[in-house]
Amino acid sequence: DEETDTGSDNDESAEETTDYSAALVTDEGGVDDKSFNQSSWEGLQAWGEEHGHTEGEGYDYAQSDAASDYEPNLTRLVRNDYDLIFGIGFLLEDAIANIAEQNPETDFAIVDTVVDAPNVASITFAEHQGSFLAGVAAAEKTNTDQVGFVGGVESDLINKFETGFIAGVKSIDPDIEVDAQYVGDFSSADDGKLIATRMYNDGADIIYHSAGAAGNGVFSQAKDLKQNDPDRDVWVIGVDRDQHEEGVIGDENVTFTSMVKRVDISVQEVSDLGLNSEFPGGEVIEFGLEDEGVSIATTNDEALTDEIIVEVEDWEERIMNGDVDVPQTHEELETYLDSL
Amino acid sequence: MDYVIEMLNIRKEFPGVVANDDITIQLKKGEIHALLGENGAGKSTLMNVLFGLYQPEKGEIRVRGEKVHITDPNVANDLGIGMVHQHFMLVEPFTVTQNIILGSEPKKNGKIDIKKAERDVQALSDQYGLKVDARAKISDISVGMQQRVEILKTLYRGTEVLILDEPTAVLTPQEIIELMDIMESLIAEGKSIILITHKLKEIMKACDRCTVIRKGAGVDTLNVADTTVTELSSLMVGREVSFKSNKTPASPQETVLKVENLVVKDSRKVDMLKGLNLEVRAGEILGIAGVDGNGQSELVEAITGLIKSEKGSIHLKNKTIKNLPPRKITESGIAHIPQDRHKFGLVLDFPIGENLALQNYYQKPYSNKKVLNYKEIYENAEKLIGEYDIRTPSAYTLARALSGGNQQKAIIAREVDRSPDLLIAAQPTRGLDVGAIEFIHNKLIEERDKGRAILLVSFELDEIFDVSDRIAVIFDGEIVADLKPEETTEQELGLLMAGSKKEKVGGE
Amino acid sequence: MGFVDLLQSIIPPALFFSAPLIFTALGGVFSERSGVVNIGLEGLMIMGAFVGIVFNLTFADVFGAWTPWVSIIVATIVGAIFSIIHAVASVSFRANQVVSGVAVNFLALGLGVFLTKQFYGKGQTDMVSEPFYTTNIPLLANIPIIGPIFFQNIYVSSYLAIVLAFVAWYVLYKTPFGLRLRAVGEHPMAADTNGINVSRMRYIAVIISGALGGLGGSVFALTIALNFSHATIVGQGFMALAAVIFGKWHPLGAMGAALFFGFAQSLSVIGGGIPLLADVPQVYLLIAPYVLTILALAGFIGRAEAPRANGEPYIKGSR
Amino acid sequence: MTSNKMFNILVPLISIFIGLFAGAIIMLVFGYNPIEGYVALWHGAFGDLYFIGETIRQATPYILTGLAVAFAFRAGLFNIGAEGQVFVGWIAAVWIGTTMDAPMYIHLPVAIIVAAVAGALWGFIPGLLKARLGVHEVIVTIMLNYVALYSSNAIVRTVLSNNEDRTENVAPSASLASDWLQELTYFSRMHYGILIALFAAVIMWFIIERTTIGYELKSVGYNKHASKYAGMSVKRNIILAMVISGAFAGLAGSMEGLGTFQHMTTQSGFTNLGFDGIAVALLGANTALGVVLAALLFGALKVGALNMPTESGVPNELVDIIIALIIFSVASSYIIRLLILRFKKEGK
């Protein structure tokens, strides 16, 4: 079922083909991490097909198995004459900076962080804003006045998720407790499950996770509680993509909502800009609530009731208006909470 | 034919060695048949072929007249052949019973019926007067008892033909006498025995016939009644061997080693030496006689610093060496031929050349500022190999590949060559053939004559009598007698060693 | 939080955390008791997790609620088969057993992810729809104090692990097979001269370790991770190996060690939720279980002697 | 002697062949073109100077972790902890690299030495526990891996940065990067560390094969009792072996910190440099030269593998499978020797 780069007799190309090609380099998650790597690859695939390319000719990806693989992967794509190369994830920051400097003729884009170089477009997302809305929804939903946050490895990025979420919860009701804990890595599902067990035991009924594969443990625990007591309210808030599927248990679903980050849209958009010779080199493009760069999944409409959605939309409004400045760091969070 | 076993024209090769070449041996029912040969002559190999551990390249084996293929020990067991190996085949953490039943366990509901097994073992032990404790752990029992466990193992499997590979090398004189009795009762039950030994006296005493092999080839089979020790030894070695060392009387000089009131505990905190006193002078050989387990190894290990001494003092030429690190002690002038050559004496995975440097690799000229000088190391090794007639393909051969006798010679070469003030030789001839023993005894005497003090620990009364200038009897952690060999008898010594007669020693 | 409450919140999670480690460590005990070092436990768990998940995804419709059980059985069987590679290399080919074990780890991870990509076109499977769920053990769960601690919200697989540890103990210490297996690991030549087929015994032991490793991996996947990817088994096999040694190569010891890891981990997670400890930097809680293990070893567990012939290929007639 | 030498060359070559051959069959079975796959692998590893540079860059830490594991093995110890020792070496190197201010001829050596010392310390703990209390080094090193991972992440965030995910870059005076090497290799990240790694290999060879220290370590590894009898301190040697082993792994960490990355980020899991080092050591038969060659092979396979999906559509996990098969084959050298012998006999 695999396609190779020989014989490109793919005649389905609806649009006229173009010369502008784009590729991406994943971080260690790989293109099928069910997270932003996958999402960006889906975006690139869609873009490629739209413009009559085939994989390997016109669009492609390179997967990294270790941090040291980023640069060779980027370089190889440069050598293969791709016009635009994405680095997916803040982990690639340095690699992009280096390779962009070495290859001023090529366009680069970095996702989730900022690289200051004329040929690099920085794509960031307002995860804190999306997480804030998730927090609002959680606060509206919780019956126990206690919710949880499980992070992978503590980092600036994951802190944005945490602080945004806490701010959202507290904006609704400062008395709701938010219990935040980090796994220490992104892979230990067992530790993730231990943490979720503790949080649910201690009375949390909703856990927002941003812990990669370790987050599996959160789903696993929520589903187990649900199985044993279908009437109990246990919820998970997914991250990056709509994790509705992960929450399925029989006829129920423990995924309350997900903080969706549309890396695919950003990849498509930046590629299009490049194609139209409008590549935003040197610029930082933040994808926020406006362009649905980040949003709250509404798939589980039973759980995410209309009232909650109304409330969420209300806060969304306020954020977009600039009435609310969502904190991104722990310090900002302190100030924000004091201001409540 | 009334042969139970016939091994005809057996040939067995190892890479580079023909261990057995066209050897024939025939065992009559109800006889004790000795198998005699130098170290490395191929005795163990031949018996391992019979026991199914090795497959011969050529030759034929018949059991009770029928041609058989002994493809593994199972087959041998089924044919009623049992073997007690030179190195015991016992699982140390297991009990006596577990070792004996291993491989043919009595069962009840899928579980080992350990009660029944223990009863059976005890009954069997009593039947042959083996005095074995069925529940003891192997690691807790004496070597002699371990050997009886090995014999029990074969009896338990219904052995008709018992192969004993150097059973007496590790036994005390008392244990040897007991073993002889056991063998007699086995023969009385209609079993047959092949006995490998280097002790010609034992052959003369216990055996009916004897097959001699030399350098892998069969030499002859004789009726023991019709031969002499001298004939056997010259058949085996190919020359005359003298059994009495022709040494001159000693002329002891100053005291080299002085041990006073030494107390040593073993790992279980039991006193093994209980205030022991001892003196060895330059130019004399002091033989320590005693039954195994009376503190000999603790004495040696305490002097050499391998274990800690609790109380008392150890002086070497007026310097105290008690509880110094082993290296300090060796450097102050002690060399040590250890009792357990595989455990202490050699690094089996080092080439023989590097083993010969084990005590001096850090000294000039073998190394300089921590950098080894292999040229010097191997030149010295070649020299020792030649001088001590160590039979090895080269100095680069791993020690593991050498025969036991040659391993022992390598250790002796290394230790003696250091010209120590005091040479401690613990069981230096264990398992060696008569030729090698002669060589080593002469070496010890030669060293004595050079003015060295020699402390000889041996379980062999012959060796003690033959080599020592003075005999100290050790019993229960103390020296209980200090005698001149020419002024005592084996009987008297035996009584002293058994603790039934005590003589005050040591002046203090 | 009262002491009973504390136990109630520590023990059940510790049990689910420990169960996969117990299974796998028991496998390690069998293998190493027979004299075959098994660094490949990690790989065996990966294989088990992969098979357990793939089978579960494929046959959930067929087996319904029995799917997880059938899945772990299949994973056990495949684990057993997979481990034959280690047996062939280290028993028949006299390979350095550590090397062979390392290769098992590489092979399992490579094969697992490679096949996942072949089967699903992506490097990560979906979540299974029929995982294991916790249950209350009838009757026992109602015992006061003990019930809530040990018999409520427990994965049956955790009990299976504990029961299996006792079975392993019985097999190793009470049956002819166990006696032979241990003899082979202590003194293979002695076993050989007693008519025991050393190679066969070691093959059996390694295959048992493969079965139990596969079981451990699949239980991990079906109770905790719920899907398979390169990040499903990351170090659990090594923790199981540590449990083997910690437990002094004894089935009950290994179980104890695995439970200890579970408790320590559970405790450190609980610590993260205790307000008193809220100001303690998280790193201390993260490293606590591992430091605790080292302290336990140094403090009162101490010296551990491996089976005497562990790691040495048996060559007939060598000295 | 000579035939032994022949085997020592032939066996690894045949093993590599077996691994690649089996890999080809797997590719065929799953509908890939093995020739394309291997061409892609080759291009990815040696396609031009850039990739050669990257292969060497990747081999650099592998050499050092391989040496670390091999060194401990020679003394009869199993260091599964190279992974953690890499972390502490890395963080220590970056610590010095970012905080100290000194001319290069002081700064760089200090950073490298401190990394080695940090790794050595991380090896000292299991060494000490083994020597004094008999605690098995395998468990302790496994546990310390986790401690190193989590601690170094915490240090990156709280000590070496202000709650950020990465440290500053090390000062140029502490950098192993080389403009010259980079230009030569079209900006690969190959750095002077390779010289340090090769030098370390020479050191290892020298210590093990030429010094009394190595003689003692090997002796203790083979037979503790005989070593004690011969006056060596078994405890001291166990500790020393773990310390030197840890130092090599610490150096590997400095290669990442001062060479490849120039900084340290929080890590989401293990780097695998230490675990792969076990395979490298064993593939290299625990000898210095063997480790260097095995590390180069590993580096080439790992770097080359990245190109396989891009150029030939073959998932790069195939390379893990190939590596596994090569290791199996090397491990089973006994049987390969047997086959060679038989082959030769029949040939005659």
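Labels A, B, C and D are assigned to the chains in the order they are written; within every chain, residues are numbered from 1.
Quick note on the criterion: a residue touches a chain if its C-beta (ideal position, glycine included) is under 8 Å from a C-beta of that chain, and two chains touch if they have at least 3 such contacts.
Predicted model, so just to flag it, every value in this text is computed and none were measured.
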{"item": "Contacts common to subunit A and subunit C (chain labels)", "value": "D"}
{"item": "C-D against B-C, pair bridged by the larger set of C-beta contacts", "value": "C-D"}
{"item": "Most distant chain from subunit C by Cα centroid", "value": "B"}
{"item": "Cα-centroid distance, subunit A relative to subunit B, in whole angstrom", "value": "75"}
{"item": "Interchain centroid distance [CA atoms averaged], subunit C/subunit D, Å", "value": "28"}
{"item": "Interchain centroid distance [CA atoms averaged], subunit B/subunit C, Å", "value": "45"}
{"item": "Where subunit A and subunit D are represented by their mean Cα positions, the distance between them in whole Å", "value": "35"}
{"item": "Shared interface positions of subunit B, touching two or more other chains", "value": "none"}
{"item": "Numbers and ranges of subunit C residues touching at least 2 other chains", "value": "117, 231, 234, 282, 286"}
{"item": "Shared interface positions of subunit D, touching two or more other chains", "value": "150, 153, 269"}
{"item": "Pairs of chains satisfying the touch condition", "value": "A-C, A-D, B-C, B-D, C-D"}
{"item": "Subunit B residues within the subunit D interface of the complex", "value": "304, 306, 325-328, 330-331, 336, 338, 343-350, 354, 358-359, 361-362, 367, 370-372"}
{"item": "Subunit C to subunit B touching residues, read off their complex", "value": "170, 174-176, 179-180, 182-183, 186-187, 189-196, 308, 316-317, 319"}
{"item": "Interfacial residue positions of subunit C with respect to subunit A in the complex", "value": "9, 12-13, 16-17, 20, 117, 121-124, 126-127, 129, 131, 133-135, 153, 220, 223-227, 229-232, 234, 236, 265-266, 269-270, 272-273, 282, 286"}
{"item": "Of subunit D, residues touching subunit B in the complex", "value": "210-213, 215, 218-219, 222-223, 225-233"}
{"item": "Residue numbers on subunit D that touch subunit A, as the complex places them", "value": "31-33, 36, 44, 50-51, 54, 57-58, 149-150, 153, 157, 163-166, 186-189, 256, 260-263, 265-269, 271-272, 302-303, 305-307, 309-313, 316"}
